[in-house]
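Next up: the structures, one after another.
Same chain, two partners: subunit A is paired with subunit B first, then with subunit C.
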Partner chain A sequence: MMSKRTMRQVFVYGAVCLAIFLLPMLINDDFLLNRFARYLVLAMVSMALALSWGYAGILNLGQAMSFGLGSYCMAMALKLRTIPVHTGSEGLPDFMVWNNVEALPWFWKPFYSMPFAIAAGIIGPMIVSAILAWFMFRGRVTGVYVAIITLATLVVVNLVIIDQQWATGGFNGITDLAQLELFGITFDAYSATTYYLIAICLTVCLFLALAVTKSKAGLILQAIRDQEDRVRFFGYDVALFKTMVFCISAGIAGLAGMLYTIVMEFASPTFLGVQLSLSIVIWCAVGGRQSLVGALLGAILVAGMQGALSESEVFLDTWTLVMGALFVLVVLFLPNGIASLGEKLTEKFGGRRATPEPAKRGNSIARSTKLAEGK
Partner chain B sequence: MEFLFEQFITGLSIGSILLIVALGLSIIYGSMGVINMAHGEFIMLGAYGAWALKAYAGISLFPSLIIIFIATALLGALIERGVIRYLYRRPIDTILATWGIGVMLQQLVRLTAGGELRYVEMPPSLAATVDIFGVDVSAYRVFIIIAGAALFAATWMLVNKTTVGMQLRAVVQDRSIATAFGINASTIYTGTFAYGAGLAGLAGALVAPLKSVSPEMGTGYVVDAFFVVVLGGVQSLFGTVASSVLLGQLSGVLAYWQNDTVAKALVLVGIVILIRFRPQGLFVTRVRT
Partner chain C sequence: MTAHLELSDVSASFNGFKAVNGLSLKVEKGELRCLIGPNGAGKTTALDLICGKTVPSGGSIRFKGIELGRHDDYQIARSGVGRKFQVPSVFRQLTVRENLEVAYCKRNGVLANLLRWAHSADSDGLDKLAEFVGLSDQLNVPAAHLSHGQTQWLEIALLLAQDAELILLDEPTAGMTVQETQKTADICNRLKGKHTIIVVEHDMGFVKAIGDIISVMHQGKLLAEGPVAEIENNPKVKQVYLGSVGISGA
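== the complex of A and B ==
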C-alpha cells in the first residue's frame, strides 16, 4: 500500500518522464534533439548524485569518475567497430598506431563484444566505487573528508588516463567512433532513436532510484544522513548501506557515461574532469539534492541555460557570471534547491499546511541534540 | 652530495610555494571551518594585482604587495559579510557558495583583463642566482623560501601572541562562551576571513613571477593548498608548514624519479590513504572534539 505522498511522487515523476517522451513530437530539428538528449544524459548523472548525496549524505565530488569510465568503455567498443583509417596489425585504433603500439593491449580485446562493453560500462564503475566506498566507509570517513577523497581519486584517474596516451588517446580521448548498433537498430547521435534510448534509460533509472529511496534500506540511508552514530548504535552496518548506495549511484553514472559517448560521438578526459564533476554537484544543488526529480530538472535547467546563454549575444561573455550568481543565491536562500520552492510557496500562500517532511524533522532533532551536546 | 642538496633545494622551493599558498586557507578552514573554494581565485586576483600595478601604475613588486594584501583582504571581508556568514551552520554548503563566488571572480577577471596569459617581471634585484654550498639557486626562489618563513612567523605571532589572536582562539573553542565574555565573534570571523584572503592575495603576487598568470591559475592552487592543510591537520599551523615541506620534497623526488603527472598522481594516492587512516592529519597529536 503506497502512502499518499508516495502516490503523489510517482505521479509527478511519471508526468516528467511522459513530458520527456513527448518532446520529440514538438521538435523537428535533429540538431536540437541531439542537444536535448545530451541534457537528459547529464540529468541522469545529477539524479544519481542526488541518490547518494541527498539521501545518504555522501557528497561525492568524484561522480564524474564513474561517468567517464562508462564513457570510455563505450568508446573503446565503438572504436573497435570502425573501419580504421590508419591501420596497423589487427586493425589497431589510429591513436595507437601514432604511439607505435604493435598489438592491441589485452584489456582492449574483450571490447570486441558489445554485451561485454555494456556490462563493463555499468559494473566497472560499480566495482571501482565499491572498493573506494569500502575503503572510506569502513574507516568511518565522513563529511568533508569523503568529498576530498572522492575528488582526489577522480584527479588520479584523470591524470592516469591522460598520461597513458598509448592506450587511452591521452588528451584527445577516443574519437572517430562507429555508431552503436543493437538488435538491428542503428543509434545515430542525431536522431530520435537515440533520444528515445536515453529517455528509456533515464526513466528506468529514475524509478529504480525512487524504489531504492522508498525501500527500508532507503529509510535507513536517510537516517544515516541525519544521525549516523545513532543508526550504528541500533546495530545497522552503516558502511554496508553507504557502500550499496554509492555503488548504485556509480552504476547509473556509468550508464549515463556510455550514453554520453553515443550522443557526443567521442570520449574525452574532460568527461572525468574536475570541472564536470563540480558541475554535477551544482546541478544537483540547484535542482534540489533531496529530490531525485529535482536534481534531474536542475541539470536540464542549468545545462540548458548554459547552452542558451553561451549562444545568445547579450550573455556571450557574462553567462558564467550569471551562473555563479544564481548558484550563490540558491545556496543562500534555497538550500534544498528549486524543488523546495513549490513546498515553500504552498506553505506561505496556499493556506493548506504542508505536511512536515520526515527528513526535515530528523534534521531539526539532530540539530537540537547537537546543540544540547554543546557541539 | 651536491646532487642531493640541489634536490633538497628544489623540494624546499616547491614546499615554500605550497606553504605560502596554503597558509590563508589553513587559517580560514582551521578556525572557521569554512572550506573556501574561492581561495584559488584570491590567489589569482593577487597575481593579476601584481601585473596590473606594474603595467598601469608602474609600481614594482615589493611596494605593490602591501596594496594587494589590503585590497584582497577588503574583498574577503566583503564576501564574508555578504555570503559566508549565513552559512556557518551548513559547512558543506560553504564549498558550494564559495565555488560560485570563485566562478564569478574568474569571469570578472576574464572580462576586464582578458583571457590571455600575462607575465609578471621579477624584481631586478632578485633576477640573479645565488651560490649556496656550490649550487646555483635562483635568488627569487631563495626569497620565496624566506618570504614563506616570514609569513608563517607573522601568522603564528598574530594567532598566538596578540589579543586579537587570543580572541580568535577563544571563539574557535567555544563561540557562545567567548561571546558571553564580551568578544565580538562576528567581527573576529570577518577579520579572520579577510586576513586569510589577504594572505592568498600575497601568495598570488609572490608566485606570479615564477608562473604565467591566467584567470584559471587558481584552480590548481586551491586543490594543492587544500591537500596541504588536510595533510598537516586542520587546526595546526605547524602542521601546515611540516606538510608543505614534506609534500614539496616528495613531489620533487617523485618528479625526478618519474614524470610530473605520475608524481602528482602518487602524491594524491598517498594523501587519500593518509586521510583514511589519519583524518586528523599527520601532525596533530590531540584533537578537540
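== the complex of A and C ==
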C-alpha cells in the first residue's frame, strides 16, 4: 500500500541508482572512475545530513566527524595489513616508528580484525553521536545552538587527532595503506570493483534512509522539525526520536568515511575538517535538504563543479567565490534546493491540483528564514 | 473516591510574579468543567501546569491519583492528558492527514514507530475524524494553507485522534463563526462523559451550552465555583468583571 508520492519517489530513486550502476560502462578511464567513486561517497554523507537536517531539523555542522572517524577506522585496519611489507623491526606502522613508539597502542590491536574495523567504523561514530545527541536533546538544545555544539565537537575531535601524532599520524594522517580484501575480492581504488562497492553501499543507505522517512517515526520527525514542543504533548519522547535519527545519520556517514579511505588510499585530518563539514552543508542545501536524492545529486553536482573549477585555469583563483555565489543564489531563489525544481515541474505537468497561492509565498519566506536559523 | 484531577494549592511564578497563586480545583471523571476569568487571571497558566508545560513552584497536581509534578511533559501526555493551545498549534508543513497520524499515538516508542509505515491501515478511522470536523476535502493540503477556523478544527481533531482521557481546551472557539461555535459545543457535549474535559472560554453563550459547573479564576486564585446560574448572579464575580456588562461581556 503505497501512496502515489511514495511510488514516484521510489521510481526516481531507483532510476538514479540505476544510472549510477550503468555509469562505468560509459567510462573507460580508471582515473575518472575513481573520481566519480569519490563523488558518490560524498553524496552519501550529504544524503545522511539531509536525513537529520531536512527531515528532523537538526543542523549538524559536524557531520564530517562521523565521516572522519569512519575513515580512520578503515585506515587503521588497512595500515595493519601492510605491516609485513612496510615496517621496521618492531612490526609497527611506519609513522609510529618515526615517533619512537615502542609497541602498538592497545586501541589499535582490535583493528587486525577487518570485521571489527568495519563494525567500529559504523558503530563508533554512532556511539559518539548518541552521547552528544543525548546531552543536547535531553537538555532541549535546539536551532543554532545545535549547529554550534556539533561544530565545536568536530573541531575538538579534529584537534585531538592532529595532536596525538604518535597514534594517529597527526597532520599527515595515515598513508601507504594496503588494499582492502573482502571475500577474496581485492578493492583497488582505481577499479570498477571499488566503484560498484560504493554504488551498492550508496543504494542500500539511500533506500534505508527512504524507509526511515516513510515510517511513522519519519513522520514524527517531520512534525518535530515543524513544532517540536507540540509533539511532546502527544506523548512522544522528542529527545529519543532526534537521537535516533542523529545516530542513523552518523552511521551512514561513518560507512561513507570508510569507503572514502578506500578510494583515496589514505586517511587525513582534513576528512574531519571544518571545511569539508561546511561543504557537506552546502551540497545538501543546494541539492535540497528535504529530499534525500536531491542532497545526493547536489553533492555530486557541486563537488564535481568544485573539482572542475579548481582545476581549470580560468577559475584557479576565483572558484571558491563562484561556489559561494551559487550557494547564495540557491538559498535565495530555491530555498528547498534543486530538488524543489523537480517537484515544481511534476506539479505543473503531472496534472495535480494546484495548491492555493496566497499562503505559498509566505511559506517560502518562512522556509528561507528557517534555513537561516538552521532549522 | 479521589477526583480524576485534583489540584491543591498549586502555584506558578514567573520571576517572582505569581501567575497562579494557591489554586485548588477538583474535577471528577467524565465531567466537563469550564474555567473562566478576566484576561491575565492565570487560566492558560493553570492548563500549562496540568500538562507539564510549566513546572509548578508549589502545591500538588494529581491525575488518577498520581502526582504529575515530577514528570516530564511527554510523560504526562502519555498518562492521558491532551491539550489544545490558545494559539492554534498544528504542524504547518504536514498535510491534514499527516497531522492526524502524528496525533494518533497509541504507541509512543521510537522502535515501534520506526518499524511501522506511516499511512498504515490501523489509522483509517482518521479519515472519519477529518470528515467529522469538515476537513475531508483538505486531507492532502498542508496545514499551513488552512484558514484560522479550520486550523482550530484541525487541532480539535488532533485531540480526538489522540483520544486522551483528560482534554484541556484553551479558548477553542476563538475566531470561529456562530455556526462553528455551535458545532464545537456539539463536539464538547458528545465527548462529555467519555472524557474529562476542562474548557477555558470567554464566550458565555458557549459556556452555557456546554457547562455544568463553572470555575472562576481571578489573580491566580479560584474566585467562585458553581452552576452557571449561580455564577452569573455571584456579586464577587460581577465585581471582577467590572460589574457593567456582567460576565457575558468579558
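By our rule, the second predicted complex is superposed on the first by the 336 of 375 C-alpha atoms of A that agree within 3 Å, B and C clash if a C-alpha of one lies under 4 Å from a C-alpha of the other, contacts with A are read in each partner's own complex, and residues count from 1 in each chain.
Here is the rule we use: a residue touches a chain if its C-beta (ideal position, glycine included) is under 8 Å from a C-beta of that chain, and two chains touch if they have at least 3 such contacts.
Bear in mind the structure is a predicted one, so any value in this text is a computation, not a measurement.
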(message) Is A:V144 touching anything from subunit B or subunit C once the two structures are fitted on A? First, second, both or neither.
(response) first
(message) Touch test for A:L206: subunit B only (first), subunit C only (second), both, or neither?
(response) neither
(request) Return first, second, both or neither, reflecting whether A:L197 touches subunit B, subunit C, both chains, or no partner chain. (result) neither
(message) A:V281 in the overlay: touching subunit B, subunit C, both, or neither? Say first, second, both or neither.
(response) first
(message) Between subunit B and subunit C, whom does A:A250 touch in the aligned arrangement: first, second, both, or neither?
(response) neither
(message) Is A:K214 touching anything from subunit B or subunit C once the two structures are fitted on A? First, second, both or neither.
(response) second
(request) Check whether A:Y236 is in contact with subunit B, with subunit C, with both or with neither, and answer first, second, both or neither. (result) second
(message) Under the stated touch criterion, which partner chain does A:Q222 make contact with: subunit B (first), subunit C (second), both, or neither?
(response) second
(request) May I ask you to decide whether A:A37 touches subunit B, subunit C, both, or neither, giving the answer as first, second, both or neither? (result) neither
(request) Could you tell me which stretches of subunit A are touched by subunit B in one complex and by subunit C in the other? (result) none
(request) Flag every residue of subunit A that touches subunit B in the complex, lowest number first. (result) 59, 135-136, 139, 141, 143-145, 147-149, 151-153, 155-156, 159-160, 162-163, 274, 278, 281-282, 285, 317-318, 320-321, 323-328, 331-332, 335, 367, 374
(message) Per the contact definition, I'd like the list of subunit A residues that touch subunit C in the complex.
(response) 1, 3, 212, 214-220, 222-223, 225-227, 229-238, 240-241, 244, 355-356, 359-360, 363
(request) Write out the stretch or stretches of subunit B touching subunit A in their complex. (result) 35, 83, 86-87, 89-93, 95-97, 99-104, 106-108, 110-111, 174, 219, 223, 226-227, 230, 259, 261-262, 264-265, 268-269, 271-272, 275-277, 279
(message) Quick check on the complex: what are the subunit C residues that touch subunit A?
(response) 51, 53, 72-75, 77-78, 82-83, 85, 89-94, 98-99, 101-103, 105, 108, 110, 113-121, 141-142, 144-145, 158, 162
